[in-house]
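Let me begin by handing over the structure; questions about it come next.
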Amino acid sequence: MAHPGDLSALATLLAAGEVQAQEVVAVIGKTEGNGGVNDFTRGYFTDRLMNLLASYLNEAPEEIARKVPCILSGGTEGVLSPHYTVLCRSAAKAATSESKPALAIGASCSIDMPFELVGTRGHAQMVAETVRAAMEDAGITDPADLHFVQVKAPCLTSDRIEALRAEGKTVPAPNASVSMARARAAGALGVAMATGEIPSEQVCDDSFLADFNLYSTCASISSGVEVLCNEVVVLGMSPAWSGPLRIAHRAMQDAIDLPSVRGVFSDLGFAEGAQVAEAERARLRAIFVKCEPDQSGQIHGARHTMLNDTDIDPQRHIRGAVGGLVAGVAGETRIFVSGGAEHQGPFGGGLIAVIAETATRQTEGQDR
Amino acid sequence: MAHPGDLSALATLLAAGEVQAQEVVAVIGKTEGNGGVNDFTRGYFTDRLMNLLASYLNEAPEEIARKVPCILSGGTEGVLSPHYTVLCRSAAKAATSESKPALAIGASCSIDMPFELVGTRGHAQMVAETVRAAMEDAGITDPADLHFVQVKAPCLTSDRIEALRAEGKTVPAPNASVSMARARAAGALGVAMATGEIPSEQVCDDSFLADFNLYSTCASISSGVEVLCNEVVVLGMSPAWSGPLRIAHRAMQDAIDLPSVRGVFSDLGFAEGAQVAEAERARLRAIFVKCEPDQSGQIHGARHTMLNDTDIDPQRHIRGAVGGLVAGVAGETRIFVSGGAEHQGPFGGGLIAVIAETATRQTEGQDR
Amino acid sequence: MAHPGDLSALATLLAAGEVQAQEVVAVIGKTEGNGGVNDFTRGYFTDRLMNLLASYLNEAPEEIARKVPCILSGGTEGVLSPHYTVLCRSAAKAATSESKPALAIGASCSIDMPFELVGTRGHAQMVAETVRAAMEDAGITDPADLHFVQVKAPCLTSDRIEALRAEGKTVPAPNASVSMARARAAGALGVAMATGEIPSEQVCDDSFLADFNLYSTCASISSGVEVLCNEVVVLGMSPAWSGPLRIAHRAMQDAIDLPSVRGVFSDLGFAEGAQVAEAERARLRAIFVKCEPDQSGQIHGARHTMLNDTDIDPQRHIRGAVGGLVAGVAGETRIFVSGGAEHQGPFGGGLIAVIAETATRQTEGQDR
Amino acid sequence: MAHPGDLSALATLLAAGEVQAQEVVAVIGKTEGNGGVNDFTRGYFTDRLMNLLASYLNEAPEEIARKVPCILSGGTEGVLSPHYTVLCRSAAKAATSESKPALAIGASCSIDMPFELVGTRGHAQMVAETVRAAMEDAGITDPADLHFVQVKAPCLTSDRIEALRAEGKTVPAPNASVSMARARAAGALGVAMATGEIPSEQVCDDSFLADFNLYSTCASISSGVEVLCNEVVVLGMSPAWSGPLRIAHRAMQDAIDLPSVRGVFSDLGFAEGAQVAEAERARLRAIFVKCEPDQSGQIHGARHTMLNDTDIDPQRHIRGAVGGLVAGVAGETRIFVSGGAEHQGPFGGGLIAVIAETATRQTEGQDR
C-alpha cells in the first residue's frame, strides 16, 4: 500500500482473475493513521475497498460492507508496514487439494449496535452470538479448533454521546476513548462466552476493564468509529477444509515475551534460529498480534512510561515496541499489531497468531 | 528513577559509602522526555546530579560538570525504562581483583564549541582530539580494544542561530533539528578519525549526512541543547584494568537485526535461548544501542512510515521499535536506546554494546 | 462535516437542485487531519467529492479532478471547525442580479509537475502561467482586483525522492517536509510573478525560503502529497460579475495582529465592536487565513516555542493560535486557516481574506 | 526565560537587591512542557527557584517550598511565551505609597494530601480551609474583593494508584489523567465553598465533573504530580494595601469570547481599540486565563475536534487557541493560560484576570 486509499494491488489481482470478488470473505489490515478515534484512514480504505468490490459484484458498496467484514487497525508505529490481508475461500481450489485439516475461515456481522449498549454485557452477548454464526459459516464446530477470532466493534464519539443524552438514554461511557476500551472488553468477553472459556453468567458490567483474570486466549478486538455493527471473522483449523495454509497461536505473557513469539513460528515448523531466514519468509502469509501496555506501570520490575505520556498515546507506544519485537523474529514488518488487548490474553501481555504455508508457495487466499 | 530529577538511588549509595563521589568518571542515562530540542529532562537530571556530587566534592557544580560527562538520551518510548548508569573506577578495588583484561573507562571534555563550527569538519576534528584524550585517560592504546565511544555534542537552537546571524557569522545549519543531525555526524566521523577507521582527509563537510558508507563501528553520538562542549566517554577492554566486568559490541545491519542483538549476548557468554533467563539477568550491567529509521523508507522490502509522520518524530518511532526488540532478548527494559545513528554503524542499522559481569554479581562501578 | 468523508451536505443540495454540479468551479476546505505529509483526510475528502460530482456529470472522477480544483488544508487545531466552501458560478442567477461589481471566481490546473522541479524557479513559472489562465477564466484583467489566489502544489514524499534518485535526476529537496515548504515558496513567488508584485527575473532558487522581503499580498499556497499538478483558484472583484457577494483582504503583520483582522471586517461593512454580532454572522460566507510561526523565535519581543517542539509541528501550533484569534473576531469557527505562509504576506505574519454578502442572505455559491 | 531551569532574571534582581527573597509570597508561571502528567519542566523550575531562594534565606529549599507556593502551568502552545510572575509584598514600599485600595496578596499551603482523598469532597474541604488561611494572610475579609484564587492541587500517578491498591485503600480515580481533572474540580468547588458562592452542603462527590452549573467565578486550579499539598494564592483588592497595582477579572462565556477579554482591559482603564497599544503595554503586569474545550463538542453551533484527537491533548489545543485570542487583545504573549477549567467559570468558557499599574511604571512585586 502506498497510502490508505491504495487498493491497486487487489485491483490488479481482481482484473487478472487471480482473486474472485465473490470469494472474498473478509479483509484484515493495518493502515497508517494514529489508531485513535480521529483515525480516518480506516474509513478511507474501507470506502475504496467496497467501491472496488462493487465494481465486480452486482451490489451497492453499502450492501457489500454489511457482508464482508473489513477489519482495520490504525497505527504503523516504528518498523510496521501498512498492508492488508484478503481472506478468500474457493470451492474449486479446495476440491483439488489433498492437504487436510487446513485453515478455515468464517465471518458474520451483527445487527447495528444500539449505542447505549456499547461496552456492556448486552454488547458481549451480541458478540457471542455473532461468533457462533461465524463458526457455523466456517464449518468449525469445536471451539478448540479456533486460533484467532477478530471482532471489530463500534464505539462512541462525542456526537453519539450527545445524542444519547438528548434522547435521555444511558451513556455507557463518559467519553470516546473510554468507550473504545469498554467495547474491546465487551468483544473479548463475548468471544470467551462463545468459546466457553468463561461461563456466560460470570460476565457482568463490573468485570469489564476490572477483572483481568477473565480473558480469551484467541480473541482480538478492535473498536472504531466507522462501524455500526459488530463484525466477526473466525480463523481456525478444520478437517472440512483443505489447502496449503495452517494457523497457530500463543499467548504472550508480557510485552517482551520473545520466547512465545519465537514459539509460534516453531509450532508452524519454521527452522530454529533468532530470525526466520530469508528463504523461509515466503511461507509467511499473515501475522496477527494483540498487545497492551502493562497497567501496573512495570515490565520485569522496571518502570515504563507509556501510561503517563501526554504526547503519545499508550497504544501507539505499545504497538511500536511489540511490532519491533515480532518483526525481529519474523524478518518481516507487515504485521497486524493491534493495541487495546484488554481481556485478550494475560494482563499486560497479549496474543500472537500466524498463518503460514506448509511448504511450497501458493497464491490463493492471500494478498499482502 | 521515579522521575528525571530523582537521584535518590545514587544518593543512597553515596551516603552509604558504596560509591565514592571522586571515583565517578561519567554517567550515561535515559530520561523520559521527548529526546528532541525541547527535552529539558536531560538538563534537569544533570542539574540534580551535579548538585549531588558537589555536596561530596569540594567544587562547584559547574566545575564538576566540566570534568564528569553526564550523557543522557531523552525518550523512553514503548517498553523502555528511565535509568542511569554510573561509571566509576577505583584503584583500591582494582588491586584486589585477579581478572584481566577487564572493562576500561576513560573520559574527556573539549573546549566550548564555537557555534559556527557545529556539524562541520572542524567539529569532527575537535571530537577526534577529545577521543584521543579519553583513550589516554582510560589507558587504552590500541583502537581495536575500543567497544563503545559515547560523545555528547552541542547543537544549535533558534536563539543561537539568531545570535550567529546577528554576529555576521556562518550559520552551519538552517534550524535546530538539522543542526542536531549534523552534530551527530560530526561526532561519529570524529570518532572514526580517532580510531583510524576513516582516514582524516576523507572526512569533509559534504560527506556529512550524505555518504553513509563512512561510519564508525563503535561510535554513539548524542546531541543536545544543554552542553556547550563535546563530552566523550570511551569504554573498552584493557589488560591494565581488572575487575568482573566485560564489554562486547556488534553492528546492527538494520532495525530488525535480531541475530546481531542475540549475538552480542553470546559473545559475553550468556546461555543460548530466545531471551536471557531470569537467573542470568543479574549479570547484565548496561546495554547501549544506537539506531536510525532507514532513510530508504523500507525495511526488508516493505515500506515503513517513520519518515513522513507529522505527529511522532522519526527518532521516537525508531527508539520504541528497537527498544522492544532488544528488551525481548535481554529480558530487561533498562536499555540506553538512542536514535540519530547517522554514520554510526551501517546505513539504516546501528550498534549494540553490552556490559556484563563474568560470573558472580559485584556492585562497584554500576548503579542502574 | 461529521468526518473527512462526509459530503452529505453537498449531496443534499445537489439532490435538491440548489447546486448544479456543472456550476461548481472549485472547493476550498479544512479537514481534521494533521496537515502534514501523512494527512490522508485531504485525499479521502477529494475522493468522495469527485465520486459525488461524477454521479451528476457524465465524466470519470479522475477527469473531474483535473478540472475542478479541490484545495484542502488539513488541521483544525483548537477551536477550528472542519468545513468546506463550494465555489459556484451561474449565468442564470447572474443575469437577474443588479449588484455590480461582485465576487469573481476562476480556476485552472497546470500539467502534472515533473517532481525534479518541485520548489524551484521552474515551479514558480508554471504557477504564474496557471494563475494567468485562472484570471482569464474569471474574467479579471487587472491584478489590482485580485484578493485571494489559492494554489495547491505537489510536494515530494520519501518514495518520490527515491524514484528521482533511481532515475538519476536532481532531488530538489532532501526530504518531504522541506519539499512542502519549497513548493509553497514556489507557489507564492509564482503568484507574485503573475500579479507583477515581483519582477520575474528577481525570482531565483536562492531566494526561496531565504529572502522573505519577496512576497505576494494575496497568495495562499498549500502543498500536499495528493496532487500531481498545480491547482489554482483566483478570487477577486469584477464589474463583469454580479451577485450579493463581496471580498476583501488585508495583510497580517504578525501572528497576533488583531487590528488587521478586525479591519477586514470593517472593510466589508460589518458594525464596529470586538466580535461580529450574531445578527450579522449570517452574512459571513468564507474566511481564508494564512499564517506562519515567526522564524525569529519571537513575537513582540517575547520568545515563543513553536519552532523547537518535537511533539507538535510548528504549523499545528500556529494554526491553533491564529484560528483562536480570528474566531474571536468573527464569532465563527469555520475558518480556513492554513500554515506555511512563506512569502505570503509579511515575514512572521500572513494574510486574511473574507467573503461576505452585502445585505440579505442568499444561498448560491456557498455550502459550509 | 531561556528554558525551564532559567532563573537568571530573578537572580539578577535578587543580587541587585531590587527583590528581597523574604518578600516573595508566591510565584506563578508558565513553562514550556506539555502540561500533562509527564511534564517535568514544572518540577525543574521549582527545584531551581527554591535553591535560588535558599541561597538568600537561612532555610533548606524543601522548607521554603512549603511556605512559598510556586504554581506553574505547563504548555506554551502557539504564540504563548514561557515566563513567571514573582508576587512580592513589602511593608517599606507600602508605607510610602498613597494609592489605596490596591492589589493584595496572600498565600497558604495545606498539609500533605492523603492520596485516597484526591478529587473528593474531602479534598474540596481542605482547599476551602486553605483559601480562608490565604485570605487572612492577605488581609482580605470580604470575598467580594477576591479577583483570582490560584490553587495547585496534587494528583495521582500510576505509581500512587498502585500504592493505594497495595495498601487496600480506595483509589479515587482510575488513572492519572482522570485524577488531575477530579483534583481540579475539588479545588474549584473548594474555592466556591470558601467564597460562599456555593453552599458547602451542595458540594458532593457526584457533582464533580458532572454538575457544571456549580462553579466559582474567580478560581483557577492546576493539578500536577510535583506537589504533595494544596498550594493556594489569593489575589484581590484591599484598602489595607497600597501601591500602583490593580486587578480585575471577568468570566469568559466560551472559548472565543473576545468581548469579555476586551472588557477586562477596559475595566482597568486601557484605551479602547482592538489591541492594547504599545505605549500602554508597559502597564501590563500579569494576565491569568483559565479555559476549557467545550464538552458539547461545539462552539457557536459548529463542531470542534479537540475532544477526539489522539495526537494532541485537548488541553494543549485549547491553551493554544485561547492564548492566541488573548495575545491579540493584549499585544503581549507572556500570558498564563491554563487548561482544565472544570467548575472554573461557565461550562465551555473560563476566566480572565489582569493585573496592571494605574499609571507610571514601577518595579516592585513583578518580574516577568
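Chains: A, B, C and D, in written order; residue numbering restarts at 1 for each.
Rule of thumb we're sticking to: a contact is a pair of C-beta atoms (placed from the backbone, for glycine too) under 8 Å apart; a residue touches a chain by one contact, two chains touch by 3 or more.
Since this is a predicted model, take the numbers as computed values, not measurements.
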Where chain A and chain B overlap in contact partners, by chain label: C, D
More contacts between chains, B-D or A-D: A-D
Duplicate of the B-C contact set - from A-D, A-B or C-D, the pair where over half of the pairs recur: A-D
Distance from chain D to chain B - Cα centre to Cα centre, in angstrom: 40
Distance from the mean Cα position of chain D to that of chain A, given in whole angstrom: 46
Residues within chain C bordering two or more other chains: 2, 32, 34, 38, 159, 303, 305, 311-312, 316
Partner chain D, residues of chain C touching it in the complex: 1-2, 32, 34, 76-83, 255-259, 261-262, 273-275, 299-300, 302-306, 311-312, 316-318, 320-325, 327-329, 331-334
Chain C to chain B touching residues, read off their complex: 34-39, 157-159, 162, 175-176, 295-297, 303, 305, 307-311, 313, 316
Residues of chain C touching chain A in the complex: 2-5, 32-33, 38, 40-41, 43-44, 47-48, 51, 159, 225, 311-312
